[in-house]
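Labels run A, B, C and D following the written order; every chain starts at residue 1.
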Amino acid sequence: MLHSKIIALVPLLPFAVFLLTGLFGRKYLKNFSGILGTLSLLVAFVISIYTAYEYFFIQGRDANGIFEKIIAFKYTWLQFSPGVSIDMGVVLDPISIMMIVVVTFISLMVHIYSMGYMKGEERYATYYSFLSLFTFSMLGLVLASNIFQIYIFWELVGVSSFLLIGFYYDKPSAVAAAKKAFIVTRFADLGFLIGILILAFYSGTLDFGTLIERFTTHNEYYSAVTAASFMGVSALTWGLVLVFIGGAGKSAMFPFHVWLPDAMEGPTPVSALIHAATMVVAGVYLVARLFPVFSLSCPPALEVVTYVGIFSSLFAALIACTQTDIKRVLAYSTMSQIGFMMFALGVSGYGGEHGLGYMASMFHLFTHAMFKALLFLGAGAVIHFVHSNDMKDMGGLRKSMPITHITFLIACLAIAGIPPFAGFFSKEEILAAAYANNKPVFVVAIITAGITAFYMFRLYFNIFWNKEKIENHSHEEHSHGEGPMTMLIPLSILAICAIGVGFIPFGKFVSSDGKELITEFNPMFSLGPVVLALSGILLALFFYKKANGKSDKVAEALGGIYRATYKKFYIDEIYLFITKKVVFNLVGRPAAWIDKNIVDGVINLSATVADNFSEAIRPIQSGKVQQYAIYFFIGALSFAVLFIYFWKN
Amino acid sequence: MNLSLLILVPLLTALVILTCKNMYSVRWVAFIGSIVQLGLGGVLLFQYNAARAAGNTAQMLFESRASWYQALNIEYYVGVDGISIAMILLTAFVVTAGVLISWKMDVLTKEFFFLIMLLSLGAYGFFISLDLFTMFFFLEIAVIPKFLLIAIWGSGKKEYSAMKLALMLMGGSALVLIGILGIYFNTNDGSGHHTFDILKISHQHIPIGIQTYFFPILFTGFGVFTAMFPFHTWAPDGHSSAPTAASMFLAGISMKLGGYGCLRVATYLMPEGAHQYSWAIILVATIAIIYGAFATLMQKDLKYINAYSSVSHCGFVLLGIGMLTKTAITGAVMQMVSHGLMTALFFGAIGMLYERTHTRQVKQLGGLLKSIPFIGVVFMIAGLCSLGLPGLSGFVAEMTVFMGAWQVQEFWHRLATILACASIVVTAVYILRAAGASVMGPIKDEHFRALKDANWNERLASVLLLFAIVAIGMAPFWLTKLVGPDSQIIMDHLSNVVGH
Amino acid sequence: MNAIGLPQILVVSTALFFIGVYGFLTRRNMISMLMSIELILNSVNINFIAFNKYLFPGKLDGLFFTVIIITIAASEAAVAIAIIINLYRKYKSIDVEDANSMRF
Amino acid sequence: MGNDFFILMKPELSLMLIIFILLFLKIWDGIKEVSTLLMIANVLLLANFVAGFFLNKEGVLFSGMYHTTSLIALEKNVLAFGTLLISMMAWDWLKKHEHLLEFYILILSTLLGMNFMISSGNFMMLYLGLELSTIPLAALCNFDLDKLKSSEAALKMIMSSAFASCILLFGISLLYGTTGSLAFSEMPAHLDGGMLQLLAFIFVFVGFAFKLSIVPFHFWTADVYEGSPVAVTSYLSVISKGAIVFVFVTTLLNLFGTLGTIWYHMLVISIVMTITVGNLFAMRQENLKRFLAFSSITQVGYILLGLTNGGSAGSAASIYFLIIYIFSNLAAFGIIGMVSVQTGKENMSDFNGFYKKNPLLGWVLALAMFSLAGIPPTAGFFGKMFLVTAGAVKGNYLLITFAALNMVVSLYYYLRVVKAIFVNPNESPMEAIKGSWSVKIALGICMLGVIATGFYSGIYDYIVSILS
């Protein structure tokens, strides 16, 4: 089965659903589309689970103890020049299989959940067709065997995220958010594209395997790409950094993070799927794909990854402490967690023990998908109930929606890194890797972990404890506020995962070089982080359990810093200034003006000149015979003079 | 198949139209005629592929020639290769869609469709002719119908735009004429007579001095047609004043006449000239791309937006030609086809919107996805195609150009390529601004709620173009297989001549 | 004795020519314009005769041409005068300056 | 001699015969019915034209005074055909006119003069023909006896042409003096390019330039065209100009071939001035006849461009262009004539919205304009192309560029007319124009010519064949 094409069904099923519901959804299968999408994904999920099982256990490791990379199939899609071609292929290796499992699983959950959440939405079918489109593109992305194939699906996930953020397109804010998301990531993709051009030019291929092979072993390609340099930096570094910029854009790393919080305008399940679990980790996945090149041939690029990652995680964590829109808080926490994954990759080495960071990063990606999806879906349930995103309108919901409460708590504990929840293990290994390779990063990371615990529980207490806001749900006082079963089941399943997945011996499956990587659990080391996390939780408890002015006083005390963080450090304002004021006024307007007045002006001027000239010479046609005769005679004489005197001599 | 059919069918259609009594028969005749053209295009494609598969390696297939003006050695000489077939298919699609879109044309219906058919005749003739004089003849046939279409059925400052367009295009063809004469008088068919025969000329070597003078003239001449900076100003006014079908045709096909000419005549016949001036071509192309994109940012009128973006997109064509690598040239041709279809679709959508809302101002539109979903979706897809979304034609074309362009290992070429890549971001900005304000967002005007969605002919037209766009976007390999070998031939010719 | 040679005669004819031209360009009276036309024609005639007599006495082309010119000049004058009279009916003047209703 | 005489001089003789027949009709005054007279005249002209196709023979008469070749025969046929078309188009106008026989007599005598001029082998004959073709024309310009403009046009015509022919004559006399001969056959041998001779040549050139209305010798053209009756204007702009062009070509090439370099440069200067001035003036004309006058000046510029070729290709192109020019110009004048006879309107603004009531005539006028502008698929395109191609042989690409770019300017003012017909709004558009059958036939023939002459390459190939 691994080598059979059936694996292609995994992406193709959602695509088929997309076409069906997209073309005929509105009229014919209005309510059926949800079921259809869910079923297709169920099949896809089963297939991927089975593939994983077969890959890891049936097929197992090859002679020298690594999981080999399998190209399930490959089809030349667009031939540029000999050797350089875009192939549509499916590559099976530990991370891609891990990813398809995650994607299909989360997507399945979200599909089920949405059947309840989006009930009664008039564009229900459209919604599901977009979801399927996204799932298709995401699967295509993770299975890509070719860097340009990744770029293609990269763009497709971008556009499907655009469509889903702008799903409520009659809300101007939604449209604006969608535009912002698309344009910011587009801008980053520019880097990706140029990076691809550079790498492709020097490696003479677009295929991942060949590319990595050519850039990691010493051969003419390698020497060419390292020899060529621009502004003192080697072409390889340029290429990789540019590619990473693309990844940073999708993964909302600083400074491209601005789109992620606004993206929360979309329906909450969408945020759970796209902007928490899957699409936003595409950047991490991209770096992981090219990891051998990064770590073996180009450490500087890897350092860039590290520092961008660590800075973003701290930066986001700080902002998350002050936001009041619960989805935005979650968005910033997502950004911060992805920062963890990034710098984990950054600090990692290649092979054996040094590869811990890589494994940890992937592990965290895996666990994070579970609990972050859970958080979002829970938040979705709350919003569904309260009809508001703002934690000021919430409080004391634990009575009215117990299941949501419990699952949410589990998720919070998981993300805070409290044992034995999933987040604990993955974060543990990330910190260990950082400790082993880069002390300053480790310090920042551990502080961030503490802050994470704090703002997550700030969120938790504000929603489920604090004082009740009766007016919000007076209509169903003491009644049950839970959503329908379709919403509760995914919550429960994900909760179980959030507890359980941590115990998976991840190193057995995924590691930088494919060899088995045993990680021993060291209680002494993990003491520090856990204590920090607990103190964060206690701080939150102290501030937010009961409604009291403490937090506001502190905010008062902090003053400017508080306002700065509340305003997300004014990054949006700066960008707005640059685009609206600088680009539009200093480039756009002049261009339009020049075109209207100078380029076109010259054309019109020539017409005017001719017109005026003809006006000017009109009088010579005076209507008087004798003047005509005079002109005649002058003409004759001038000919004579010209040709007899000047011409002859 | 006999290529002359491609000229005869539109001609007959036009003549029959003249004899029709009422608008119904007229438009049905036009529709049938265009469908026949479409069929011919398909047949041509299949027969061509079959012939190639059968191992026919002649540079041009389905050739047929008849001596026309003996004394000047002018011939009616037609033949096609992959590139011209791509162009012919483009023309067929756009013409059919144009006829369908202007189904409700009730003012001087007969004349309208007559002129449309005349235009398509000119385009087909231009793409199939291998004799410079005949080519020029067909090139000029297309000028006057454009003038009449805009001046009679247009809107806004139509007379000014029509006059400007006609005069600028005429100026362009005047330059083309000079260039052609320059070629004519400096080559001969083996027997000592001057000749207009492209293939014969390509076996000759035009003196470098001549090429130095005539390449820029000829290239600029064709460049005017493809809205090359700074001779592009006829395009925005012309497109925006023209009736829907006419602007579809203008941007979809007649701009491509220029690109095709630049490639097939200027670059192919004067290789040294091309190499000598490639820097200039790249320069103007890059300027056009960037500057067109930024100029678009500032436009308020949907048609102006698309017109300026066409200037920017046609820059890619010139860029591809100027880079002088096989991949880039293939990309240029693909970009011509793709942009033709895409911009036709875009203008079609704008036309449909305008017909219903009677405004093209972005500010006054809004929320049309709700009231007229079909048209709104078409608009969105056209927009996404023009910002290069994978799966639609725009992406493959642009990427091919970029890949080809990057193969030139010169700093300035690289810079130009990067700038061109950067323009796709700006494209995203203005497309999304337009789409977000006009079809998305809240419904601005209450009477928008009452609008009727597209009727069958408009749907058919859109679906036709969408089909072509997706066919290229999803499966570009058939187009590259069609175009690639011939751009390879052109490329070889370029490098051979320059080699020795 | 020094006989009158060709140059002297050419001087005369040339003078006549320019006098005629001058007259044609300056006189406002249509009739006198016609007369100056005649002057020019006569200078031409003198040319022909002179050339014929002095340079090519063998042939008579010049003489014949002169005769033809005289006759044609007559007919020309006739038509012209007819037109002038016709014009005079409308303008009540024979000043050429008045006949400029069509210009630019 | 003998009956050779009758065959060689067939065109002139038949014209004389027609003239005499018409004269007798005038004196006898038996036929009162106007349309019968018109019919007779037209039939006679048709017969004359048809006769031109048979028994053409090359030869020389009167010891070289008169010679004819197949090319000359062709040219005479073309002129006869043009005259026939004009008389058919003048049908409606003449029906109202009491002096229609005089019209024919005069116009045919000018045609006779042109025929003599064309086949003249001697300056004496040339001068005779020239005057014979000029003086009656002056009378014809005055043919609207009651119209002031008409007589003014006549005055300007006769005065300036008299002056021009004086200059021409002076030149001829000097030529005679320097070469000792008036015969085209002997003169070239004596051309040494001395100063006096150059002066003479320039005067001759100028004399022709006047007839061709080359700038700056063109001033009379516009006024005369505007003032004269439409039929006469079209005759002036097409037939007499055609004849002169033909003579000009042959004279330059055969007679003054030795002075080639000089007249090449004179031509270049004249081309630049003629095209520029013609365009600049045509741009702002309101009266259609005046507009066509300036446009014809520009066209002459292009003909001269062909002549710079200095070989058979040039003359072939120019003659071919002349034929097309006759078709397209006559089509335009035909419509203008119909309109002015029925409504008395001749201005461009009167044609606003012309298409509403007269779709067919609108297309005819538009096609004529396209042909004059040199837009395919009309024949004018081919005519212009071949002229430019012929001119390009000398490799003076600056001149070609100038000419080509000026086509753009001329397109502007031709499109003005088209715009008036199709686009310009007019609350009271012109009523439907009714013309008699002969006018319609004539227009049809013109349209046929405008379309077919281009696609059917036979005509051009025939001209080339008889030239070489």
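What we mean here is this: a contact is a pair of C-beta atoms (placed from the backbone, for glycine too) under 8 Å apart; a residue touches a chain by one contact, two chains touch by 3 or more.
Predicted, not measured: the structure shown is a model, and the values here were computed from it.
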item	value
Contact-richer chain pair (by C-beta pairs counted) among A-C and B-D	B-D
Chain whose mean Cα position lies farthest from chain B	C
Cα-centroid distance, chain A relative to chain C, in whole angstrom	98
Computed distance of Cα centres, chain D from chain B, in Å	43
CA centroid of chain A to CA centroid of chain D, Å	78
Euclidean distance of C-alpha centroids - chain C vs chain D, Å	27
Chain C residues counted as touching two or more neighbouring chains	24, 33, 96, 99-103
Multi-partner residues of chain A (each touching 2 or more other chains)	618, 621, 623, 625, 629, 633
Junction residues of chain B, two or more chains touched	none
Chain D contact footprint on chain C (complex, rising order)	17, 20, 24, 30, 33-34, 37, 40-41, 43-44, 47-48, 50-51, 55-56, 61-62, 64-65, 68-69, 72, 75-76, 79-80, 82-84, 86-87, 90-91, 96, 99-103
Residues on chain A engaged by chain B in the complex (per definition of touch)	26, 76-81, 84, 148, 151-153, 155-156, 159, 166, 169-172, 175-176, 178-179, 182-183, 186-187, 190, 193-194, 197-198, 200-201, 583-584, 587-589, 591-592, 594-595, 599-600, 602-603
Contact footprint of chain D on chain B as seen in their complex	68-72, 74, 133, 137-138, 140-141, 143-144, 147-148, 151-152, 158-159, 163, 166-167, 170-171, 174-175, 177-178, 181-182, 184-185, 213
Chain A residues touching chain C - in the complex, by the definition given at the top	618-619, 621-626, 629-630, 633
Complex interface listing, chain D residues touching chain C	123-124, 127-128, 131, 135-136, 138-139, 142, 145, 148-149, 151-156, 158-159, 162-163, 166, 169-170, 172-174, 176-177, 180-182, 222-223, 226-227, 290
